[in-house]
């Protein structure tokens, strides 16, 4: 690639949390530049955001429709290469579909859409247009998560039996949505968020992480969702018993009323011969527990000797040597970098490598929406086990 | 009390794991002495065990019936004060009942009996005889578990919403019961163990811990039990969704096929204002997470100033100053010490204090058996939720 | 600031570790763009590096002299705003001095120069030219290090008595410099590195951290430096007793032969009322230990309520909410961002805020060189205590 | 051994901290019984202590002289086998010497005496009488400390280069000795404590631990001792540079004014190939860091397979299976148990095994007193390095 990829952005105006994260992730490696945006439906915010981001006013658009239309008319050497969508869930589908159909690649914040139906339609659009769609399931971008996946895949733990994935947060322990928190406001509104709060916002991260690391698909669920905070209609907490395709069992917990917790995503996986443990709040340690052996701590960025050599998927996603902690922004940037490498490969006419293709895509997005659908269906019914809808 | 309490023991011959633990726990504070035993049904092992324990041969009995009968005939100043029962589950009920009915107090290793029916009968015997029965749910003996209970009770966390208790072990990941492991052999045999393996052996610990700390009773369960290891009939892993009496929800996991885990009992409790976390493998730290405050680490044995003063239930069960780690044997010894203090109080004709009475008793034993019954019933049925049988 | 700041770079060709780190740190916030460089004295590497970094060939210069001369001739709206120097120690002084004298601001990797004399001369140049010099002592860029400093400053711990700062690494446990490791090769060569290896490369980080957090200056040292690996002339390990200006005592350890360690910089500070602990490998936790209180864990990015509100210096240097780990690259980027904010403030004719000015500068660089000088002098003499040379 | 060993005790009246610890340690394994004592020079306290400990009044003696004299006159099957001395330092030597010379074995709390001279005299008495003297350096009793020693010995880490041992406490951060704390009062009084406070009370533990684990002797020291709390004459903090006999270097810190610390003894040892770390406050984890390998966590009580099999010295000193935390009382009890096994072996006329002999003895006591002497001498002089006095 002889030039930076050009990024446009829908949403992410000043003071929006996740838009800033996407920009940092895109900036970090110097391979992407932000060239245009429709940052807010509030014209003043939109304009100010563009100024702060050094975007010329002629590429600060009123809305995504205008942006896609006008960018398409720009010469190839100027127009954006891809569109990043960081709006609330209910404004994911329309810009994504329009972008794809106008020849742009797409990055979307999860969950991919507001309904399974939209997700399936988006998958169809991706297949039809041949463009690349990237879904930012942040946590699978960590090097040690990739190391965990590699070790499971090579049979290090034997057949997988048990998976425990949990994602406790505490920030919705009160009626935060009435206290001026914009992110809480739309997430707790079914029209903007979809059928689920906790399961959609963070449960999908947990489900994706479990399937990503183990390579196993969830087949049946048994769920108990609760809305603990009075005045809230969607679930702010849920626990789900899982059954996987190979006979493995599991538990998934997603909670936003676990008061005092920050962002404590954690996964534990047990096979016949041993298990692993990884936690987002301590991401540079992968704990390996094998029967009959001392516990092992794999740490990011080490040049371990065989047979402990870190997987190429781990090292490809590491920037600095061992002992220099990398965090969530680097994990997020890995997703952007791999997406950019894949798009560039296609631009250059070469096949992306497996490492470059290692980012969540439209299939993961569909599975996430199916997870929400299945879990909410089960919770609303009296049947003990509900088969995955896909 | 002007003398040591005298203990007899059924089971616990040399090389039996849990008998030795009971003896260490009883010895530690110098308030109890072992005076007699029926340590094994194997006469040679019985004799050798007595010798190793410095028990004269005339107080080494062939079986519990002989022991109870003969001890009863000894003068008051000589005969045992209580009987400790450390045999497999199916030999709990008979010696306990006979001991109670012959005027002896009783300590039993959990689970209390092999069936709920036996448990109810034992409760009736305790009430009828007025003797004291102590059930060794080890983990509630830790000072910081007691601190956690005290903080929940005083409303530190607000109304409790969510309880996650888990007990992963890995020692039954293989068919250990066929490899000469006596403890594995009887535990995996329904005739000796009861209707459940993992839920009975360690799930009851987890359930007791959750109810002990929160003061809330489990009302409904939804369970998925599995027997992962081929050739085994009882559950070696299970996950249970819990509903508590105040509307709190929870998850309980008990697993003996979590390969690589040792004895990783852990509890997390969340209320409206914050949460707590405690783990058996790191028992001298109680992590307190309050909304809007730095995380706090309460540590065993500290003379904290108000408002952080440790509860009298915590300090009563601590032997040494902060920074000198106390472990499982001290926790176990706390149960023995409180039991001994209660028995002595009764002997002296005074009412035991709340701190002295703070050990698991026959009611906890009944609840444990009801827990097993309810969970296994639910697992065998198609109904999503099963009400607690008691 | 209505535009990005323009950065030039000396050193940092492809495969050079620290140059890449500087670029990531400069990129992250979208406020700086790399516009030119003299990346390597090897012309081929220089050219390839420029290509990979999307730098046009006319701004890829043969050496720093050419770069400074030619950039100076460019119109104001085009030429670089500052020069980043990421060459080995012995090539810090010349480009820094020339850049300053030609009107460019400067960022230098530590230690600032190869001798105290050079450092003093650079300080004089900074004062004379009025330009800004930034020294990348990475670790003081972490938000919780700044929180620690703020708490010390406000008297949270009372008068400071004891400071323990240690920096163990293991990467020079063997004769790595003979195994093709370029970074090891020049660091172990006194002509390129200066009078010290471990004390210069990482001891200066430790000394800076101790003085930064406590606000106290080291006054006397007593050192024992060792060159453990045969065939090496400079110290690869050292321990130093410290005496500070207020009567505080301390210990500083810097070691590159602590085999198995990664980058385990850690500081502990004790005052009359309590202490603190912070470690680079776990940078999002600041442990506070106050007499008579539970231990407290301050964590990055929290909106704690008074009296625990995080310092404005901590929040100013945090990008994402609590529970999303930030790492060394963000810490490094904080230094760049504060430097850029300061330079922009000056360009805009306004006084930088205290938060913007919070990055290591030429005075810290002089102190670092004086530290090396003093410690090596003491080690080579028989006197127990040596006064700080400045 | 067909009977319990009989213990007498000097000191350790009710409310004395360390006496109770010795009794718990002696009780735990059921191999020792307390039969007599001179618990306090206050007759009322002495009497009450005896009652609480179920000691008949005729074996509650006014002082150690009376005890030794009268016990000696008792028939062999009745009189005590050994004397435990838990008085302040200045009352160690006299009872120890008298006990030895009257045919009794001895257990002494550390430091062994109040001066090096006394220590040497005691060593002479031990050699002359052939009795066994045990010094309770608690921390070398932990199973994982013994595992560490075994691994160093077998060359796991290669030649040892660097040793860092630290023992920070905070309990003397204020003038505790004036606040009715008896333990603080005598420890800060040179007449009762000796030439050093921190170095004597806990520095000797640290020095013993370093020499025990590495098998290397300290040869030279360079010390900086401080008395931080106004009104105190002895050192409450000290840092010492160490040089060992094989060229290894080290740092020893002992501090009782590290406010907020509990009992944070920690040791780190680095060899050519890797290092180890162990801490008293987390005693069931031994962290092993080898170059080029994932970090390893050896945990107490595991049946690891070769080549990780735990040393016989570790397993001999472990009571319960992995995951059941053992603490300081068990470590202390290991010392008592090994001492008792050694004494019993001698009584039975057989040679004790290496595992039985593995407890600190009179030689360790002499070395501890020499350590105090050397460090205080160095601190009071201007010479940089002082050779170990022995």
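Which chain is which? They are A, B, C and D, in the order written, and residues in each are numbered from 1.
Assume a contact is a pair of C-beta atoms (placed from the backbone, for glycine too) under 8 Å apart; a residue touches a chain by one contact, two chains touch by 3 or more.
Remember, it's a predicted structure, so these values are computed and weren't measured experimentally.
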{"item": "Topological distance between chain A and chain C, in contact steps", "value": "1"}
{"item": "Most distant chain from chain B, judged by the mean position of its C-alpha atoms", "value": "C"}
{"item": "Interchain centroid distance [CA atoms averaged], chain B/chain D, Å", "value": "34"}
{"item": "Chain A and chain B: spacing of chain centres that average the CA atoms, whole Å", "value": "43"}
{"item": "Averaged-CA centre spacing for the pair chain D and chain A, given as whole angstrom", "value": "55"}
{"item": "Residues of chain D whose C-beta touches two or more other chains", "value": "261, 288, 295, 299, 302"}
{"item": "For the chain D and chain A complex, residues of the former touching the latter", "value": "288, 292-299, 302-305, 308"}
{"item": "Of chain D, residues touching chain B in the complex", "value": "2-4, 17, 20-21, 23-24, 27-30, 34, 51, 53-54, 169, 261-264, 280-284, 299, 301-302, 319-330"}
{"item": "Interfacial residue positions of chain D with respect to chain C in the complex", "value": "157-158, 161-162, 164, 166, 168, 170, 173-174, 222, 224, 226, 228, 237, 239, 241, 243, 249-251, 253, 255, 257-261, 268, 270-275, 288-291, 295, 382-384"}
